[in-house]
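A, B, C, D, E and F label the chains in the order they appear, each numbered from 1.
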Amino acid sequence: MEILELIQANLLTPIILFFLFGIIAARIKSDLKIPAAISEFLPIYLLAAIGLHGGIEMRNTGFENMLVPMFVAIGLSLLFTLNHYQILRRLGKFNLFDSYALASTYGAVGAVHFSVGLSFLKNQGVSSEGYIAAILAVLEPLAFILAIFMTNMAVAKQIKAKKQSFSDDDSTEIDIGLNQTKTKLSKVLHESITGKAIVILLGSIVIGYIIGKDGFEPIKIVFDDMFTGAIVIFMIEMGIIAGQRLDDIKKVGVFLTSFAIIIPLLNGTIGVLVSTALGLSVGGAVMFGLLMASASFIAAPAVLRHAIPQAKPSLYITSALGITFPFNIIVTLPILFTLSTFLHTGEGAIDLFNFIMEGF
Amino acid sequence: MKLYNVKLLTITCEILAQENIIEILKKHEITGYTTYEVDGNGARGLRGQGLKTEKNVKVEVIMREEKLQDIVEEISRTLFANYAIVLYVSDIGVLRPEKF
Amino acid sequence: MKLYNVKLLTITCEILAQENIIEILKKHEITGYTTYEVDGNGARGLRGQGLKTEKNVKVEVIMREEKLQDIVEEISRTLFANYAIVLYVSDIGVLRPEKF
Amino acid sequence: MKLYNVKLLTITCEILAQENIIEILKKHEITGYTTYEVDGNGARGLRGQGLKTEKNVKVEVIMREEKLQDIVEEISRTLFANYAIVLYVSDIGVLRPEKF
Amino acid sequence: MEILELIQANLLTPIILFFLFGIIAARIKSDLKIPAAISEFLPIYLLAAIGLHGGIEMRNTGFENMLVPMFVAIGLSLLFTLNHYQILRRLGKFNLFDSYALASTYGAVGAVHFSVGLSFLKNQGVSSEGYIAAILAVLEPLAFILAIFMTNMAVAKQIKAKKQSFSDDDSTEIDIGLNQTKTKLSKVLHESITGKAIVILLGSIVIGYIIGKDGFEPIKIVFDDMFTGAIVIFMIEMGIIAGQRLDDIKKVGVFLTSFAIIIPLLNGTIGVLVSTALGLSVGGAVMFGLLMASASFIAAPAVLRHAIPQAKPSLYITSALGITFPFNIIVTLPILFTLSTFLHTGEGAIDLFNFIMEGF
Amino acid sequence: MEILELIQANLLTPIILFFLFGIIAARIKSDLKIPAAISEFLPIYLLAAIGLHGGIEMRNTGFENMLVPMFVAIGLSLLFTLNHYQILRRLGKFNLFDSYALASTYGAVGAVHFSVGLSFLKNQGVSSEGYIAAILAVLEPLAFILAIFMTNMAVAKQIKAKKQSFSDDDSTEIDIGLNQTKTKLSKVLHESITGKAIVILLGSIVIGYIIGKDGFEPIKIVFDDMFTGAIVIFMIEMGIIAGQRLDDIKKVGVFLTSFAIIIPLLNGTIGVLVSTALGLSVGGAVMFGLLMASASFIAAPAVLRHAIPQAKPSLYITSALGITFPFNIIVTLPILFTLSTFLHTGEGAIDLFNFIMEGF
């Protein structure tokens, strides 16, 4: 089967192999690690490279067509986040805090996913719409904001309920509760928007757009040619961290493990279908789908720990980094690519449902 | 040189709680403190490997005894439940007590 | 908020002795500690330049007085001869003595 | 194991004053100390962002009470006016007082 | 106008844009920063690259012609430093310590300036005399030594005056004062000459000279091709630090702000004129002028904090990094380039005075 | 003489010059240093590059021929280690602990040596068998394990002797002693095999073998083209550390200094002769010889400090890094290259003995 072959081929790329290597190194308790300064610098570098690349592409291809995909992506993200919450709270029986935290971790997007996706496409000789980097930037804070808003509303409601059972005219305290929620939200909003990931990504998109291909030339070697090599180094560290977390998967449980595999595949597939329908290219649809499939494991802890401190980070970090990320870059990405290729080149009417079922 | 007795409050906590602590200090009008990143082990397991957000930080604050009670109380009330955190108090002597 | 008296054991040693110290702590059923890399100077000369293995580390352990004696004894017996190491003990107050 | 009472002098200062402090220690024939970089906030504002020269450092020195007075006096006389600096003294117990 | 166009074109290069981006990131209080290990490594790398490049060029073009420009540079630097002092002390009413500290900050040279200048010329396809890197190395400690010498002399004189008002035969104490000055000077001299910037720069010049173009080949990709990309990364951090300092500009005051803009422009213009007169090439005159225009914000704090601890670093760091550096790389550099081009290609007699006035 | 010319030519490569530069920087007490994060990262990077290169070569040339050289290398290493011990203990009068520690430091292999060797060959346009990287990986823990085994046996024997002088049936305590030795050995064995150097090296060999030349293409710029530049940066730091250690050479003494020069030359020469006899190529024999000549100064301290804490690190680090390493990369490497070239291209029977004597 084609997909299996592609998964196999993808498995044998340096990026995936060094990731698996990192996992093994952590499992045999090797003292190998990438120094903190390097692994803190690499995401900044990767986002700058992604942004510059996206900005330059947008200058070439224009961004008039960006708006519809962007709003569809926002809509899907919010929808997905709410859907995750229902599944986690009702089926998974997680508490309110963990449910919202997990829902937004999977509603959010992952920049490392995106880097690996870009590199995968480069390897396949396929390009993608530059404006998807801009969608990445816009989606980044979205799911968090929704989750925080919902959590605080829920908490405020609880407080209100409690208060009313005591006395009936305690509206001031509830107002205080709501005000606190607002303060918290505006703080998180500010934190998200000024968060390093978004800032470097948006900044680089703008700079890429301004300088264009010519202006990029003198820095192309650093910000383009070295891109895949840099990801490889980053993947060693990601593998090590994922490997260290594997023990925690027991704590994650069967339900969340299944969630961490099925949801990305589902969201990703929807992403590819919708974006193909919107007219994105083969590569663009893959990147769009990957965004929908991705979960956030670098930005999430930083935002959620402040915003929903009651939620357990061992749940959302472990499932996103230890399960979803490896699954996505090894399995989901080739599946989305096959699906997108098929949709873009397949002749006549396609029985999508059958196709997807075969994909599993 | 006379040394004046004051208190040193040391807080070891996960790095993402640092902001909350600084805020509490500010609320009590304390703007002097020293911080540095550390690794650690405790009830919440080994900390300091992997992601930066999984590290610990130490926050050290020299302060007068008067403020200590309130600050310690507020930190323990708002942060002990949800964050990896340990705090302790020691007696120290300083030259310029008016600084703190 | 009552503060309970416990001991803080601080060990400054060459980084390659850290493992030995953690092992001794484990043997005495202590799993909480804080560590960080430092530079230093002492009888064994300037430490902290050059190779990572030539750095020092500080290990800080909050513990009850009961365990202190044995741990200090074992560290000094097994490590003082061969490693660059200095240790000291201070009195501190904590909120939750049951944690240690 | 008997613990002997000595003093721990801790100096938190801007990194560019570290050399001056080490020199003062040397002048008083003290060659043992531990240093590490920290961030901080105080009368001279937030320190530790940006340029390396804008960071703080902590210098910790275990010493006998006899030398403490002179050293503290010289540091405060020569450095307090021009540098961001805070120092404090604590009581600690060590095993080998002859080392210090 | 041509200069404005060049300024505009220069504004749109990655180096300047990422610097401005860093400033914005700091202003919106983003948590973006380049890890310390990277931003401590980059100046070392940049100086090694500058040195190697200079050394190789010197081997090609010889260094017999180096001596005159070098001594002229030294003379100008000392002259400028003394001139700055007079302006700051008399017109600016700064105290003795701040005046000498600032005077030498602006009399000294900046390696980051130099890197940006080299990259700017590369972009314009213009080369420069390799030995200017050697001039950079020699000038580095110069202004500091002068300033320290003058400060200590001034302090000794004050002490002397004080003493004489009490008793008349206190020459021993004054001797002690002078001796202290000597010790301090010799210490600063040693510190300056063994300072990492000079050491790596001089070492790389010598190595570049020895290995030549052929020996450079295997490391060319790291020390030449990646140069501009590395500056871009460094400029993000420089921008962030400059941005954090913008608040301090209030403390700097109007006088020093004007000083921080006018003096570099003036010194730079003189540098271009003089070096053109000495026969340097278009690019060489730009680099020479830029050296004269530059202010030191990495070496200065390290030296001055020890040498003149009474001076306020918030003054000299903020003005050099927060005002002069951005102004120089955005405005002064294109102006010097236009001036140099004009001087080298302009026909007939040029009315220099009018020309410079137009430049403003 | 040819060898002298080659030594001279080798002296003038960036690698050696920057190493010497680092030594000088340390001697004049410059504050130049490569930030810790960078100098901890570089060995990981170098080993990954070496491994990938070796793995790709092995895929091209097969590894059927690897076994004999590998076992010969193992045999030689063990033999050398035992030989070193005898020399150090009997002639050098070192104590048991220092003797074993030094013996294994020189029986072990050095990855930095290997990097410099590869770069040297690249410069000479000579290739080497890829499987030598695998030999490097296998040899790495070998000498340590032997030394630790021997040390513990010796200590156990001492304890036994002591015990027997008191009572005659104390076998239990001796069993405890032996058991402790076993625990220690198994711990060191685990630590060695999971040590970062071996793990990244073996991992990269496997990955290189899997991906082959084509899969390597996207990361070639980072893991091949930048290799020599990265070594140069690492050599600055190695030079600085070596320079800081030069003072300790007095402590090392004349005997160990001679040992640190003669033994590598001897072992290296034997290595070249044997591997040439085994049919390795010109370059392969040089790398094989260099492995034999090399001493470990990064892995050694980490392993020996735990395994033989009684031994003085100032002895084995200083002699390996401060004496042997510079000597090897400046003198031994060109000698081995000349020898190997001569053996491979020399016509008719060669009077090896005379040849080697001339080489000195």
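Throughout what follows, a residue touches a chain if its C-beta (ideal position, glycine included) is under 8 Å from a C-beta of that chain, and two chains touch if they have at least 3 such contacts.
Note that this is a predicted model, so its numbers are computed, not measured.
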item: Neighbouring chains shared between chain C and chain D, ordered by label; value: B
item: Shared interface partners, meaning chains that touch chain D and chain E; value: none
item: Label of the chain whose CA centroid is most distant from the centroid of chain B; value: F
item: Chain B and chain D: spacing of chain centres that average the CA atoms, whole Å; value: 20
item: Gap in Å, rounded to a whole number, between the CA centres of chain E and chain C; value: 47
item: Chain A and chain E: spacing of chain centres that average the CA atoms, whole Å; value: 44
item: In chain A, residues with contacts to at least two other chains; value: 33, 35-38, 40, 221
item: Residue list for chain D, restricted to those that touch at least two other chains; value: 36, 90-91
item: Chain-chain contacts as defined at top; value: A-B, A-E, A-F, B-C, B-D, C-D, C-F, D-E, E-F
item: Chain C-facing residues of chain F, complex; value: 33, 36, 40, 240-241, 244, 298, 301-302, 305-306, 309-310, 317
item: Of all residues in chain F, those that touch chain E in their complex; value: 12-14, 17-18, 21, 24-25, 28-38, 119, 122-123, 221, 225-226, 228-230, 232-233
item: Residues of chain C defined as touching chain D within the complex; value: 10, 12, 36-43, 48, 56, 58, 69, 72-73, 76, 80, 86-91
item: Residue ranges of chain A touching chain E (in the complex, touch as defined); value: 35-38, 40-41, 44-45, 193-196, 199-200, 203, 206-207, 210-211, 215-216, 218-219, 221-223
item: Footprint of chain D on chain B - complex, ascending; value: 1, 3, 6, 8, 31-36, 62, 90-96, 99
